[in-house]
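We just call them A, B, C and D in the order they show up, numbering each chain from 1.
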């Protein structure tokens, strides 16, 4: 054991330890993978039933895609923090790792979870829903990537808050929705643009908003996390 | 390396209910601090403040050390064993220790882990998931977890809970070693748990 | 009365004025009562 | 004492002026409002609707500022101030939504149109709702104060994004919005005559004073309550 290593390296080691702990726990139980996979399949089939073969406009389909992603995030992304609180291991973590390492470790886990979720949803959506056509692939991939990063960033900090409150599940979408609304409105609009066909230049404003949203949310969360994490 | 815990005017209030107030004390290296008080007098609360996981309503508790400051601050100097501290039950004893070293920013070493598990007589069960451990075995593993980074301050809240005679003997030897190496803090009701102390904080009179 | 029937706007104005004056009197009395309580609690301690 | 009396007189005068002064196409004297095309008699609601909307935003900022102060100083009084401001903010937010909906019904034909400003006030209403449901879910006061302060800060940093997003997605119906054929810019600047502005700003000041008064009353009552509980 060398305690004289540089702080940055020790911090990175602690951050990846937080991430890997959740990752290995997830691989052992496969709770999130199974539950969220089924969640996405179920909601998409409900959309299929309700459309009943009728064609829907690009606006409606773009909106529906993000409705599925929003609720999938709401059912899965609070778990990393709520589990620590329920098992009483939050203090174990608090005693060992710096608060910022915990935050970024958990954020990383939710980013990976969000990426998997988005990939699955988009693939199923594109295969199963006929009216869903993408004309500008590049823009669409960019929007979906930034959208899922933003979704994970905002969901992580709200998850940290609700894990400390007494009611865990029901409050999560209530608190997240106003925070996520700017992101959702932008990605829905950008997804519609991508499915109607657009250029990078035309969607540039949307990308600026998405990137600054992510930067603002992550910075604020990083600054405030210690207050939430410490009793 | 000289080390000192110094607390001044600590007060803790939860929802307008005062747990304790006016707590001041100081212990220096190679000393034992006893935190005494009946149930509900705030022993665990004071322990949490010392460990830096709880911000007191008023006052402060500092750890002063003239050695090189560790970048992880208080976390690197304190090891805690307490009933409310939980282990990651889906992982084995070895994995828990390995994770602890990583979380503290150290390069994990299996030799150190084996040595610690040997010390608390858990080496045979090192690959079993903690979920299957008895509460006494969990308590032993908590000691191994608290000693991973060779803390200069060892904080024990109810040190003997769930331990059998062998376990008690192990803990006594750990306590004996710590009081020569640094500061030992014990919060307990049972004074037979420890063999003497230098400073006592009695919370019964501290409303 | 005829004047009021022709100018419905004035009826609205009178209602609004009534609500405002009611609120004002309520707040004023509340202020007085809180001041009294504050004085009492200061004497006690 | 003088302020309270002044407030009483001021708001009474504002109400009388807002309703009693006639609106004519060619104002002859200083006591007549000019006619604003598209608003006509309905323009009178500006004097009450805009101040409530303004206060619901100001109250939110007040609540956030005291929240930040709580996080820095850990003084429970700051949490009392923060939640009192939020409570009044919710009240004014509901008033602004209600007066706005009535106005919308007569001006645009339906109570709700998802115009940018309607959407913004709706989001503010949601945030207030979320803030109070979070507070009611936490029993330990210190934890409640910390978490609700953090939440109000996070909400406050994400809300400004609407300013950039709204114009890209929807066209505005509000007077002075981009979609208004008579021109863009805040309605106060280009459509109000000087005498309307006097009444408008008098109303804004009166409503702000009313807010400050109600706010101090709530804080004083809450402080008394905590004194009593600390004793008993």
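A few points about this structure:
Heads up, the rule we're going with is that contacts are C-beta pairs under 8 Å (C-beta built on N, C-alpha and C of every residue); 3 or more make two chains touch, one makes a residue touch a chain.
Bear in mind the structure is a predicted one, so any value in this text is a computation, not a measurement.
Common neighbours of chain A and chain C, listed by label, are D. Chain closest to the overall centre, judged by the mean of its C-alpha atoms against the mean of all protein C-alpha atoms: A. Interface comparison, A-B versus C-D: the pair with the greater number of contacting C-beta pairs is A-B.
The distance from the centre of chain B to the centre of chain C, with each centre set as the mean of the Cα atoms, comes to 61 Å. Taking each chain's centre as the average of its CA atoms, chain A and chain B sit 37 Å apart.
Averaged C-alpha coordinates put the centre of chain C at 20 Å from the centre of chain D. Taking the mean of the C-alpha atoms as each chain's centre, chain B and chain D sit 52 Å apart. Within chain A, contacts with two or more other chains are made by residues 231. Under the contact definition stated at the top, the residues of chain B that touch 2 or more other chains are 55.
Contact of a single residue of chain D with at least two other chains is seen at positions 139.
In this structure, the chains touch in the following pairs: A-B, A-D, B-D, C-D. Touching chain D in their complex are the following residues of chain A: 154, 157-158, 161-162, 164-167, 171, 174-175, 177-179, 181-183, 185-186, 189, 205-206, 209, 212-213, 216-217, 220-221, 224, 227-228, 231.
Against chain D, in their complex, chain B makes its touches with residues 13-16, 55, 57.
Contact residues of chain B toward chain A in the complex are 48, 51, 53-55, 70-72, 75-76, 78, 80, 84-91, 99-107, 109, 112, 145, 149. Residues 71, 123, 126-127, 129-130, 133-134, 137-139, 143, 146-147, 149-151, 153-155, 157-159, 161-162, 164-165, 168-169 of chain D are the ones touching chain A in the complex. For chain A in complex with chain B, the touching residues are 1-3, 5, 7, 9-11, 13-14, 16-18, 20-21, 24-25, 28-29, 87-89, 91-98, 101, 230-231.
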